[in-house]
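See the structures that follow.
What follows is a pair of complexes built around chain A, which joins chain B in one and chain C in the other.
Let's look at the complex of A and B:
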């Protein structure tokens, strides 16, 4: 396990470094100059040159890369071209909106998916088991912002139960208001694909366990189905589910990017979209790095969790290493 | 998409080469033993390896279509074909005829659906049905174009990696994995952003963003076929790499690639709608289902149909594509059918 931990950590660091390089390279290889963010349509040649010098886009790539990596070492992501603010500070501020949204949506989705997935597996031959499978097909195909739109229409504007968007000015000084403003976005991410997607995996994993020989043996020894499932099945079913949960918690951040736009929430996703619209390269670079870093970190945690749950994976690995 | 590629974390572990493999790629076909780690990585429904400790991670994704197949073996394909066909029909008709011209603002503002305006009108008095029809055409264009680019670029890179020297192959596999850490939508946003906005840009951006999935898939498929005896025989008998690729590898890979094409089409349609909704997609005056929904959002209380209709169209296309992929997979894979 220790050897695995070291190797997996090394892989995480390598992936983080690779993604930092990829983010840098992706933005440089594409046409379009970051200095355009500072310029009007009819800028003169001198103005363009001055803007490029200010932004640093006239420097060779090597120097730019060096600056970017040196900044990363100091946790400095540069300054926004549009606002002049520190990108790192801006992201940290906005994470107080995005992080709670992601975590709440993920917890809601995971809870619903485990319940619904097990129900669909245990009652696979009943009409509601089949119905749940059909619903999950719709769930994975639905655009997340469309779900948000319909929730705004029905719950916010129609019933007037919850605000239709925005974030309280007082921020976390008023937790009750924050909760009210994050309720619909959370439900949107969950219903706009995540529950359906996870339910399919939970159902498949549970079906796998239900069809296994060891469960049949346990049943033949007199254990009731729920008892046998809880005692022998749960851990086995959890292994693949945890792996998918990890991938899903990672990509929830993309759901947040879209949903923040639907509900005009001042989160990291909204910052990214703004940055892209304004060609504000430091902002795009910084937010991209945070998003990818989140995906990679969560994947790392999921891999470790998988091995904690399933001793066979640990064993298998040490055999392979020897 | 995800059902095919499976959890990426599982693959990364299993994807190390065994020491049995020789360094020369031409002779790196030391039989089934060399193939085992690749099979663990396999996203394909047929399980080549017996249940090994790390296989549970890949199992559920493989198992789902197989079990579903028993209940609706034919219906899956039929439903998928009908839904996608419906979208195609609407798109083709919109080439020749729409109820109103897109610039026609003669209708009343935000009218409810009627015989004159099937889906009502928007806040400028334009006919929503006409916009949805043209938007469907754009969605199909982007979906098909992006899936095509992803298939061509991804398969080429994947095959090249499968034939490359081991260190290069390992490096390519790691690059695919890092690219997969970028969600498709995010990559498409970035690629599209710097290029200026046009329909072609959106197609290329979504296509390139998806190509890492295809590259990863085709590399795994190619390596698995390459490990089999008949390919070794072809190598020994002196066939060129090109001949082996086209005569042996691709014919044994194409069903999975077609299934994946259907899935990437669905992902592409969703990505286009989302990009347009965020204001980063197909620019006006082209109609886009995503932008229609964005514009309808402010007036959803007075004219809900205008917001609902484009979403239903997206749903039809994506569900259609997913069912089509499932149906094709069941049709092509007797193993999955047999296990059902």
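Let's look at the complex of A and C:
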């Protein structure tokens, strides 16, 4: 396990470094100069040059990269070219919106999916089992922004139960308002594919277990189906599901870009879009680094969790290592 | 809306009379009068809550808080006339009145302007306003390298500025300058001692900057020690949206009180014919241009430019995009510009005339050109419309979609284009045509002469008269094809009153807004 942890951590760091370089390079081959955001229509050549010097876009790529990496070494993500504010502080502020959103959406999705998926598997021969399975197929195909618009139309504009968007100015000083503002976005992420997608995995994994020899043996020894499933099946079914959950939790942050835009939430996704529009290199680099880091870290955690659940994986690896 | 400036005389009295006249004038009320029976004009005895918080929805979040750091139109919207003031104030109807200036005297030769500042003005921090602060703000503004569209204009006209005592600022001009008050209305007076102008603010306005939650809200609170007429509400919160329909939804669900500038025709329907909302449609200063590269053939020929302009049915174009809103213009002037005259008849929609003009220019067999079209709305739709209209007169348009950055670098800076579509948002920006190095590349001696003369006139009336001639010249020469003027649509809850309608340069001076 220790050797595995070391190897897996090395892979994590290498992936992070590679993605950092990729982001740096991709940003710079895009047309447009970050200095443009600072200039007026009738800027003179001297003003253009001065603005480029201020934001550092006149420097060779090598120097820009060197500076950025040196900053990263000090855990400094630099300052926004547009606002002049610390990128790290800005991202930390935005995470107070995005993290609660994706974690809440993920927990809601996971709970619903495990329940619905098991139900669909147990009752695969009943009409509602088939119905659930069919619904989940449709659910996967529904675009997330569409779910958002429908929910706003129904719940915010129609029933006037919840705000249609935005985030309270008082922030977490008013948790009740925050909860009200995050409720619809959370439901949007969950219903906009995540529940349906996870339900299909849970159902498949549960069906797999239900058809297994060991469960049949347990039942022939007198255990009821739910008891046998809980005692012998759950852990087995969990192995593939955990890895999918890991991928989902990781990538939900990307989905947040769309949802934050529909609901005008001041989260990391909105910051990323804003940064790209303004060619704000430090903001885009910093945000993407954090997002990539999140995806990779969650993947890492899911891998570890899988090994903890399934002793066979641990054994397999220790044999391989010896 | 005009004012005069005599030699060596105080102009204050006449300046102060201007807004009153504008209010009483035939051009209509400056303030919204909703149908609830509450008068919208400030000063009326409507039952309003003096501590109310006004929630404003906007698509323009400032980039930062510095007026010399590219804060953008969002900063003008939130801060101009609210947190920061200038020596002069640009009113909603386009007129200019003294603000921090108490008195302006002009020397006999017109080269020296002596401004006495208001007494008893203090910054929000408590520091008293001194003439030195005005001079320091001016220096900061004009030495800035970054976005301040007026810097080149100011530097071209003003030689130096000095504070001669605590309450007197002297401006030394290069030549007599009629636009002095107007241009100075853009120079905010800030406490230049602030360490970080990008994230802090210290002004003299009726509100102090309270809080800014990036991506969400910016709050202003009434400044109780304000030197002038205080705000009639307790606070203003700007709510920022990235999406026009999310902004409209916020009003529909009651999260905000007013949309300062509605940008999407599609989201209007939900507010139309509803008693609880008031829609006001005024003229904006945003002009949609089909701009030619006037230096390069075939658009260096006035006949070709006029032919293109006359081949486009602007009425139909405007209706298809804005329905019943917006208006046609025949040149680079909006009704709030002092030299506006209706010039839509100079180049009428007339395909037959267009064909004749092309014949005369030797292009009777048609020609083709590339139309560089920004990728964002409404440009692609407009480009297709233009393409089909011009096809009727034998001109083949190739639409080339370009990003905002490409437009900025290749068209605006590089002048490497044949024709392009672009919106020009500022008020009184006809002066762009006096600069042959601007991307239009229009180099017309007659226009430049009229413009130069207008700048050194003694009165605003004379200036406006010369500029009307320049304006007419511009239209006759069809330096660009001015397709239409955007509407300025404000949607508000009907119980809200006292808000600005034109929103020149996106400004949103909030102190007269009342809410029950």
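The criterion applied here is as follows: the second predicted complex is superposed on the first by the 317 of 322 C-alpha atoms of A that agree within 3 Å, B and C clash if a C-alpha of one lies under 4 Å from a C-alpha of the other, contacts with A are read in each partner's own complex, and residues count from 1 in each chain.
Just so we're on the same page, contacts are C-beta pairs under 8 Å (C-beta built on N, C-alpha and C of every residue); 3 or more make two chains touch, one makes a residue touch a chain.
A quick note: this is a predicted structure, and the numbers were derived from the prediction, not measured.
Undergrad: Quick check for you: in the superposed arrangement, does A:152 touch first (chain B), second (chain C), both or neither?
TA: Both chain B and chain C are touched by A:152.
Undergrad: Have a look at where A:204 lands relative to chain B and chain C in the superposition and call it first, second, both or neither.
TA: A:204 sits against chain B, while chain C stays out of touch.
Undergrad: Who does A:303 touch here: chain B (first), chain C (second), both, or neither?
TA: After superposition on chain A, A:303 lies in contact with chain B alone.
Undergrad: Name the contact category of A:135: first (chain B only), second (chain C only), both, or neither.
TA: neither
Undergrad: Can A:264 be said to touch chain B (first), chain C (second), both, or neither?
TA: second
Undergrad: Looking at the overlay, what does A:313 touch: chain B (first), chain C (second), both, or neither?
TA: It touches chain B, and chain C stays clear.
Undergrad: Counting only touches as set out at the top, which of chain B and chain C does A:12 meet: first, second, both, neither?
TA: In the superposition, A:12 touches no partner, neither chain B nor chain C.
Undergrad: Of chain B and chain C, which one touches more of chain A's residues?
TA: Result: the larger residue contact count on chain A belongs to B.
Undergrad: Which partner does A:273 contact after superposing on A: first (chain B), second (chain C), both, neither?
TA: Touch partners of A:273: chain B and chain C.
Undergrad: On chain A, which stretch or stretches are contacted by chain B in one complex as well as by chain C in the other?
TA: 31-32, 149, 152, 157, 261-262, 273, 279.
Undergrad: Mind listing the chain A positions that touch chain B in their complex?
TA: Of all residues in chain A, those touching chain B are 11, 14-15, 18-19, 22, 26-27, 30-32, 124, 130, 133, 137-138, 140-146, 149-150, 152-153, 157-158, 197, 200-201, 203-205, 207-208, 236, 239-241, 243-244, 246-247, 250-251, 253-254, 257-258, 261-262, 272-273, 276-277, 279, 284, 288, 291-292, 295-296, 299, 302-303, 306, 310, 312-313, 315-317, 320.
Undergrad: Going by the contact rule at the top, pick out the chain A residues touching chain C in the complex.
TA: My answer: residues 31-33, 36-44, 46-48, 50-51, 54, 82-85, 90, 93-94, 149, 152, 156-157, 160, 163-169, 171, 261-267, 270-271, 273-274, 278-279.
Undergrad: Contact residues on chain B for chain A in the complex?
TA: By the definition above, chain B touches chain A via 2-3, 7-10, 12-13, 16, 52-54, 56-61, 63-64, 67-68, 71, 174-175, 177-179, 181-183, 185-187, 189-191, 193-196, 266, 270, 273-274, 277-280, 290, 293, 296-297, 300-301, 304, 307-308, 311, 314-315, 318-319, 322-323.
Undergrad: Which chain C residues qualify as touching chain A in the complex?
TA: Its residues touching chain A are 63-64, 66, 69-70, 145-149, 151-152, 196, 198-199, 211, 213-217, 219, 237, 239-243, 245-247, 249-250, 252-255, 403-406, 408-409, 412-413, 432, 435, 438.
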